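In what follows, chain A forms one complex with chain B and a second complex with chain C.
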Partner chain A sequence: MISAIYEFALTTGANRVVRGSRIEHVCGDPGLGPEKDYAYGMRIVTTALDALTTAVSGPTLFDPVHGASTAELARV
Partner chain B sequence: MTTPLRVAHYINQFFAGIGGEEQAGVGVSFRDGAVGPGRALATAFGDAATVVGTIVCGDNFAAEQPDDAQRAIASHLGDVKPDVLVAGPAFASGRYGLACAHACLTATRLGVPAVTAMHRDNPGATSFRKSVLIVPTGESAMSMPAALEHVTRLATKLGRREPLNPAEVEGYLPQGNRRVWDRGRPGWERALDMLLAKLHGRPFVTEVPYNAPEKVEPARPIADLTRAKIAMITTGGLVRKGNPDRQVSANATRYHRHSVRDLEQLTPEGWEAFHAGYFNHIVNRNPNYILPLSFLRDLEKHGRIGGVHEYMYALPGVSTPVAVATGLGQAIARDLSTAGVDGCLLVAT
Partner chain C sequence: MSERAGMRLTLGTFPVTSIVFGARTSYDGGRLTVDKTAALAAVREDARIVEADLEIATPGESVRIWPVRDVIEPRVKIDGPGVCYPGMCGRDITTVGRGRTHRLAGMGVVEVSSVNWHDSGGDFVETYLDMSGHYGEMYPYAKLQLLCLVVEPDRELGDEARNDAVHKAALAVSDHVAAATRELSPPSTEVFELGAVDPSLPRVVYIWGVHSPQAMSGSPTAFGTATYGLTRLTPAWLLHPNEILDGALTGPYRTAFAMSWTVANNPLLMDLYRRHGRDWNFLGVIALRTEWTTQHEKQLIANQTAKLAAMLGADGAVVTWDAGGNEFIEVIRTIRECEGLGIKTVFLTSEDDATDGAPTMLEPLPEADAIVSTSFFRNRTLGVAPVPPVARVIGLPTKAMNDDLRAGVGAGYERLVPVSGTLPPPWRYDDHYGFNSLSCIE
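Entry: the complex of A and B
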């Protein structure tokens, strides 16, 4: 799941949660200008694809901005 | 003193003393007065009611020949004309619980109020608690006395045509009905009392039960992304431009499946967002923000992924009840599984 509201997304039962940009533009940011916007969106999508190839044992956050896989969160 | 209510009691072949499983196929019969646990039921009612007759039916007969069974039950109810029907208690017996629920529905259709009792996990309860009044019991007949006390209390109210209080007050299984009700004290008082209790480690009862989120077994990771077929789902309310499919903007009851087979990206000429929960204008200028087709096509071209699945799925997530979303999600997952999709990106706004 790619979501800007990632804290909440982690409580829904989704095991691979990727931090998205903003609700209105989850995969990118028009404020960055076309090139950086696309690069950001691509970073989010590749993080998501990396998540699909990563073994997890519970809800796990994958943050494209602050590094690959961050600590797995305990179940709420 | 009010006249005692006339109660009809429904029980199965075992509690009627006919026999066990080997007799589960017996049809419907009637006996005057109380039979088996009906005697304890009568005692529990005290002066409030008399068990005037007992309807007996084999659990298998009720399950396998439901029309005949309910017709016979209805006929006996028509002869007896009780003020209320009590069915069971069935405790954890699944077929008995289902049969009790059906008997109650038959009674209700005839204008006879009815109540039954069984364990909350009994299939009769999980299937019918919204349409049948069910008192929760323990798992076995060991809890008969408590069950009878509870069911007679409710049955008496029903028989006297008194209105019932909410489930949390009367103790029956919640039926999902919402009615405006005055709790008698302002909310801030109740909230502070609850907080104080929580801080002091005292028990308290929430007014809004919290349903813990489900725990899902994580899917195994994809072994080779370069050979993987990737699909996309969005709950951002993506629609074809002009919304020819008439997708709703909130409270989805279905999802929409669109082909992206011939598309390299989503363009504002072809697509837009119709979602009541967020500002749609930005996605309208670039729909790939909520369904990342442009990015996946790029990766597909460079051999980073095996391919993009030809179908994508869209719906508006806002105001869609979890129960509905669960069904929609399961249907989409089945579709993807059948199509041999290896992984999926779900973009949630």
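Entry: the complex of A and C
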């Protein structure tokens, strides 16, 4: 599950949770401009695909930007 | 709490038992006479208004009002700084809560208009009110004398301006009738202040979640319960309850139980206040703005709201909210953070649909272990029967409806049905502040 409210997804039992951007735009950020928005979206989607092939033992967070509060800070 | 801000408010109550149209707007022994021409002239001072009319609806009458954007209790500042309903539609933002205020109790000014909140996110106007029958009885409004302003602004204006124009118009009517009490002595008065109390009493704060339309619509001010006119996503506000009695927390809203009248008459707030010094030490209200849109933001606002409650020295908090959906996250996490800081919480909320086996709380965190339910959120779950035909309609003759029986004035609901006929109740029924007397058997 790709979710902007990822902790909620985890507490309610989703096994593979990918940290999304915002409720308004879960898989990207139009504020980054077209190129960075596309790169950020691709990062989220490839993280989700990687998550699908990763074994987990319980609700697990996959973070495309590794803890950064915005994609801009993560240089995607 | 000491009263360093001098927050002492005398609230004078003028009960209204009938409304009639007449030559001069006046109040006499429960009878409110309204000079329709003068009231509509006040509305038409705003050149954005192109149509306006007034109609009266009385309890028990076979009448339906549609579309209802707001119901306002007329209040006017008689003595002391500022104006009632401050900050709304460009009004004075002077801090209110002191001096003397008059209210016309037992009545409401109804804002009736086709103006939708905006055209995204499903936030369409969907409330209609009946003055009789089982559906009418589910709301406090069917017990009120209602003065209905049917109003339309210039269609060429944008959403924000149209919202502002029709609410300003409803406030103009509210101001016009409330002013009739200006020179009169109120039949009853009540003095409100947070005076010094026995220090051994438990210290209680009211954390009041109010939805922000900003994320879904971009609107900074036009609709939703506002603080001094602002509905933006802002950090928690500390409000003196007197500010709320003067209308600092108010606005039109999509759910019937969060309209201006219900906010002004919130029974939970009034009970917390009236029992100050007897059963507890009421510290005030923290208005928690909701519908933040990332996990970080939701958690941050929860952390900071709980911190503010702790800095006030709260032993306990009662928590309400006025929305449905993702706003629940910051509300429930505020409860968790309060509990973590040793502040006991009680949560007053409606419940979500559990017919498919889902929990009735979106995120049922274990820290929220003291919950008062005001029934189910969805009229379908609640089993509310179809609403029978009425003899008269105030407002628009038709409403749009989709196959799911959700009905509104919003885009995408193209099937028009006559408002006077049998209708499904609006899909949601969320009593945010504990008005209703519904009961159930488990």
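As a convention for this text, the second predicted complex is superposed on the first by the 66 of 76 C-alpha atoms of A that agree within 3 Å, B and C clash if a C-alpha of one lies under 4 Å from a C-alpha of the other, contacts with A are read in each partner's own complex, and residues count from 1 in each chain.
Just so it is clear, a residue touches a chain if its C-beta (ideal position, glycine included) is under 8 Å from a C-beta of that chain, and two chains touch if they have at least 3 such contacts.
Bear in mind that the values here come from a model prediction, so they are computed numbers and not experimental data.
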> Of the two partner chains, chain B (first) and chain C (second), which one does A:2 touch, if any: first, second, both, or neither?
Replying inline: first
>> Quick check on the superposed pair: does A:64 touch chain B, chain C, both, or neither? Answer first, second, both or neither.
In response: neither
> Between chain B (first) and chain C (second), which does A:42 come into contact with in this model arrangement: first, second, both, or neither?
Replying inline: first
> Which touches a greater number of chain A residues, chain B or chain C?
Replying inline: B
>> If we overlay the two complexes on their shared chain A, which of chain B and chain C does A:52 touch? Say first, second, both or neither.
In response: first
> Touching A:24, do we find chain B (first), chain C (second), both, or neither?
Replying inline: both
> Counting only touches as set out at the top, which of chain B and chain C does A:11 meet: first, second, both, neither?
Replying inline: both
>> Just to be sure I follow: which residues of chain A are touched by chain B in one complex and then by chain C in the other one?
In response: 4-5, 11-12, 23-24
> Which of the residues in chain C end up touching chain A in this complex?
Replying inline: 215-216, 293-296, 298-299, 326, 329, 362-363, 365
>> Applying the document's contact rule, which stretches of chain B touch chain A when the two form their complex?
In response: 212-216, 218-223, 225, 228, 230, 236, 278-283, 285-286, 288-290, 292, 294-296, 298-299, 304-305, 342-343, 345-349
> Which residues, counting only chain A, touch chain C once they are in their complex?
Replying inline: 4-8, 11-12, 19, 21-24, 69
> Which chain A residues qualify as touching chain B in the complex?
Replying inline: 1-5, 9, 11-16, 20, 23-28, 30, 38, 41-42, 44-46, 48-49, 52-58, 75-76
